[in-house]
C-alpha cells in the first residue's frame, strides 16, 4: 500500500514513540516514557490492553490476582494525556523514512462502542448466532464483544441495544503513524503442539495447554474456580503437569520459556488449596525456580499442598479407551519406566515470541528462534527474551531509558 | 513491709531518688498515696490496701521538674501498667524505679492474678499466681452457649449507671477526650448506657493493653465483673503471639505489627486468606 | 445553607426496571430538608453532561448524590457536569444502585427498593459529615542519589547524568565497579569483566553531572519523594544533599563455604570468585576441574536459588575446555538453572564443547577426596544411581550471593522492605524496581541476585523511574500514590487531643506518622502528607479518634451506620 | 437461594458490609456483572482499605440493631496499601474473641480477605453469612428489647 509523506489524515499521529504490543511490557514502557514527557502511541491487537497477564488468574509467588495492579496501570495508560491507545489494531506496513519510522496501522473498530455499552446484555438473547459474549475478565468496566466470525450482521442486536452502541457500519480504518522511535513489546503467543504427536495435544479435551487450563480453572472462568474435567464435567482426582512440552526441544522451541516451572507449581498449589485430596504431579527436566521466593514457593508444602515432583520428560501421552489420559514416562531418579492414568494433563512450554520471522517492511530482524535482536531495534518482554512479569517489567523500564537516552533532551 | 520501708528510706537517704511514691497511713488511719521525700517519714509507709499507683506515678512525674527521679512502691500489676504507659509515651521510665512488692496468696486469689509479683521483689514472698479461667466466678461468667452468655452479660451490663468509674480507675486509660464521651459512639443521656457500645468499646480499646489488675471492676459501684471481659482476649494474644501486656517493655502490641514481623500462629485465618507472603520471616 | 441535588440514573431501564425510582424520588422529596430529586434516563452519555450541568446550575446545587453504577470509568460525563456547575467533585457522593442493588436483587423488588432508599440515605448522610483535605505539592529537587557504584549503580548514574540530572554516586569502597573488578570474564558473552562497566566508568570520568563519592556511606535519608534530605559521610567529612529520588544499588555479598567440601582445608578447593582471580593471575597447569553447584544455596539456611551460579560455572567450564589444552570440566548440579533463550543456548554450547554434567541429589552431596591435596570427587549420579570416583586437580564451589551486610541498616534508614532472605523487596511483581516508599528505587543484586547485564538493565530501569519524578517541576501526594480515582487525602491530627501514644507510628506502612515533642515533654503525632496514602490504619488504632481522614471520618461512618436500615 | 430476607423469628436480617474498594468492592461489582442473585439484606459502606474500618464502628453497627458486620479486604499480601490490611485482619480477629466472650458470637463478624476476581466468592460469602444470621437469635437483649424465650435477669 502507499506509504509516503502525504499529509496526515485524521486518526494519523506522529508520536515520539510507537509501542507495539499492549501487554504488561508495552503498558509499563509507555507509562515510563509518558512520565518522562514523551508522547506515545500504544498499538494493541486485542480489544483491551493487558496482554497475557490479564489471562492469569493468580500470579506467583505471592498468589495475588494480577487483575487490580494490572488494571491500575492500564487505567493510568488510558487516562494519560501523552498516551494514545489503539486497540483492535495491527501493524500492516512498516518502514524507515528519513529520521523517523512510518507505520501503517489497520484498526478494526469493535462493532460495540466501549463508551456506549452499559453491559445490560440485551443483545445476547436476540442473537441467533450466539455471537455476543461478555468481555469481563480483562476489561474494566466490562463490555460485550461480537465474534465477527459468527456474526451475520442481521441487526437484531442493533435494535435491541438501548444506547446505540452497536454499529456495523464502522469498517477497518488505516492509520499512519510517524514515530521517532519504535518499541517492540509484542510478547508471546501459544505455539501449536500438534506437531509433537507424543503429547497427544488435540486428541482429547482433557489434554490442555497451561494457559487454556488457567482460564478453565480461573476464579473468574467458566466454572468460577471449580476444577472439572473438560470432557464430561466430572471431578478429576489426578492431574499431570508436563514441563518443557515443546520447549528445550530442538524440533520446536530450543529455548527455555522461563515461566513454565513456576506457572505449573502455582497452578498445582492453587488446585491443592481448593481441593486437598487432589493429586498433582509435575514432570520436570530442571526445576527452574530462580526468582525471589520461587525456590521457597516450590518447596512450600503446608497442609496437604504437597505436589508430586518427578524428574523426567514423558515420552507418550494418549487417551485411554475407558476414559482418562495415560502418561508414559521414565522417572530418571528411580530409573524405571511406568505408565500412569490421569484425569487431566496440562502441557507447559509452548510459548513462542509473537514477532514473526517474515519481516514486515523494515521490521527488525529476529533470530531463528523468533526473538528480536536487541541490536536491531528497541524491544522488551518476551519479544526479546523469555521471562516472567518481573523480567518484562524490568526490560520495559530499561528499554524506555534507552529510548530516552537516544535523543539528548 | 519492713524491707519496703527500709529500702525507701535508704534510697532517699543516699539520694538515689528524689521521692518515693507509696501509700501513707496518716492521721485517723487514713491511707492515701503520698510521695515520700523525707527519709524519716517512711515509717508511715504501708502496702495495703491494694491501690493502683501507675496513673498517680504518671501524674507525679508529669508535674515534677525535669529529671525528677521517682521510686514507686509497686505490685506486679502496677509495674506492668507502668510499662504499658511507658510504651505509650505517658511515662518517662528512665527516671523511674520500682520497689517491688509481692502480693499475698490471698490477694492473688482475690484479684484472679496469674502473676502476683513484679520482676524484682523487694518485699513479701513470691506466691504462685492463679489461673483466672480456673476460678469458679469467672467460669460462671464465661460458660454456657452464646445465648446464655448474651443474656448473662446483657443483664450484667444493664446495671451500668454510666459513672465512668471503670474508665477512671483504669491505670491505662489516659485519653482526653475519650471516645466514650463522644455521642457518635455512645449516645448521650441514655442510662443504662448503650451498654453494647460503651463497655465493648472500652473493653476492646484495652484488648492488647489490659494488665488485668482488676481496678475497673473494683471501681464499679454495681459490681459488673469487667475484668472477665478482657481475659479471653489476653489469652488469645498469648496463644497467637506469645504476648502479655506489660511484660516486655520494648515490644509493641503484635496487633500493631504486620504479619511478617509478628506472624502469630494464624490459627484463626481461613485457608483462602493465606498467601505466599506467609513464607516471609 | 447547602443545597443538595439527588440524581437517579435509570440506566435505560437497567435500574428503573427493578427499582421504583419515581416512588423513591417522591419519598426523598417528602423527607423535607429541601432535597430536589431528579430521575434521568442516564448519567454517562455525552448528551447527559450538558443536561445535568444546566440542571445543577438552575438548582443552585453545591452537593450531589448520584445513584447509578459504581464504575469510576463511567463517571466522566458526571464529572464534566459538576465542572460546568462549579461543584467540587468531593461534594458528590456516588451510590451504587445497579451492580450493588438492581442487578443482584432483581428477584426481590421490595427488598431492592428498601435497600436503594437506605443506600441513598446513607449517601446523603455521608455528604453532611464529609470533610476535605486538599492535595499537597512539593517542589522537586532535580538531583538524584545513587547508593552503590556497581554495574547497576553505574548504569543508573550514567543514564541519569546523560539526561542532564546531577547524580550523587555514593560508594563504600575506594573505586567504582563493584564485583566487576573481581571477575575475569562475564557471561553470557565472554568479554572481560571490566569491559562490562567501561562505559559507566567513562561516563564517570567525562560527565561532570556525576558526582562520585568514594569511601562514603549514607548516614540518614529524611523527607519524601521529590525532596529527600540526605546526609552522607564522605572521605572529607559530612555532606548534606537534597535529592528528588534515591536509587539503592548496593549489590550483594558472596557466601564463603567455610568447612564445606573441605574448603579451607585443601587449597585446591576454591570458590568461583577465587577461580576468577586465578584466571587473571594465571591458572597454572591444572587440567581437571570439577564444579559443584548449590554450595550453601537451595538449602534450609539459604532457601533460594542465587540465579547466577549456574551460568558462572558454565562460563568457566567452557573456558576450561576451550583455553586449557587437554582441559576437562565436570559440573555437578541439582538442576541447571539457565532459564530463557540466551542462557539455554549457552547451556547447549557447554554440552557441545564437551563439559560433563552430572546431577546429584540434595540428600547425597558429592565428597572431595585426598589427604594433602585434592585427588578427586566421589558422588552418585541421581539419574540411574551410578557411583563415580572422578579424579580432579581443582574443585570449584559455586556459592550463592547473600544479602549485603548493610541491608538491615539501610532498610531502617530508608523505610523500605526486606524480603524473607534479607534482599530489598519490591511492592508488586508488576513494579519490580519500586519500593513501598515513593521515590526510592532498587536495582541489581541488592534486590535479588542477577547477572551484571541484568543489573545494568535494572539500573537503567531505576533511572527511568527516578526520571518520572525528577522530570517534573513539582509532584503531588496524589499523583505519587498512583491510585486511580483515589478519593482520600491524608490523615489529620487534632493537636489538642493527641495523647502521643504512638500507635499510628507503629502501624503506618509508609512511615508517614511521627511523634513530635511540643515542649514540656508532651508528644504529638504528625502526619507527613507527602508520604501518607490514607489507608486509614492510623485512624483505626487511634485510641480516641484524634487521627482522622476528613473524607472518611468517624462521624460520617457513624451517620451512615445509623441510616443503613432506616427504611 | 431464598430471596426473602426474613428471619425465622420474623425480623428481617440486617447486614452491614465494609468493602475495601479494591478486592472487596470490585468483587461485589463483578457479582453484579454476573447477575448473581443475592438476598437484599446487606448494605455496603465502601472504604479505601479494610484498615480504615474502626473496630468501634462494628460495635456501633451491632448496637444499631444490625445483626452482622462483614469486612471485605484483599488477600493478605495483596493489599494496595502495602501491609495496611495485616493489622486490620489481626484487629478483627481479636474483635471476634470479644464478641464471643459476651455471647454476641464472633461469627456475627464476617472476615473475607479475597481477591478482586472472586465475585463468586463474594456471592458465596454474602449468601452464607445471610443464612447464618437467619438462624441466629436477634441481638434484642443487647439492644434493649430483651430476649423473649429466656429470663430477663440472669445475674451473679
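By letter and in written order, the chains are A, B, C and D; residue numbering begins at 1 in each of them.
Quick note on the criterion: a residue touches a chain if its C-beta (ideal position, glycine included) is under 8 Å from a C-beta of that chain, and two chains touch if they have at least 3 such contacts.
Just so it is clear, the model here is predicted, and its values are computed rather than measured.
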item: Chain whose average C-alpha position is farthest from chain D's own; value: A
item: A-D compared against B-D, more contacting pairs; value: B-D
item: Inter-centroid spacing, chain D versus chain A (mean Cα positions, whole Å); value: 37
item: Rounded Å distance between chain B and chain D, as computed from the means of their C-alpha atoms; value: 32
item: Centroid distance [mean C-alpha coordinates] between chain B and chain A, Å; value: 59
item: Centre-of-Cα separation between chain C and chain B, whole angstrom; value: 41
item: In chain A, residues with contacts to at least two other chains; value: 62-64, 69, 72, 140, 293, 296
item: Multi-chain contact sites of chain D, meaning residues that touch two or more partners; value: 33, 35, 55-56, 60, 75, 77-78, 80, 83, 87, 91, 121
item: Junction residues of chain B, two or more chains touched; value: 179, 184-185, 256-258, 260, 272, 274-277, 279
item: Chain C-facing residues of chain D, complex; value: 3-5, 14, 16, 25, 28-29, 31-33, 35-41, 43-49, 51-57, 60-61, 64-66, 79-84, 87-88, 91
item: Contacting residues of chain C [partner chain D, same complex]; value: 70-71, 96, 98-101, 103-108, 111-112, 114-115, 118-119, 122, 417, 427, 436, 483, 486-488, 507, 509-510, 533-537, 539-541, 549, 552, 554, 557-558, 560-562, 564-565
item: Chain A partner contacts - residues on chain D that touch it in the complex; value: 22-23, 26, 30, 33, 35, 74-75, 77-78, 80, 115-121
item: Chain B-touching residues of chain C, taken from the complex the two chains share; value: 419-420, 497, 499-503, 506-507, 509, 515, 521, 523, 541, 543-545, 554-555, 558
item: Touching residues on chain B, where the partner in the complex is chain C; value: 62, 66, 87-90, 92, 174-179, 182, 184-185, 205, 252-253, 256-258, 260, 279-281
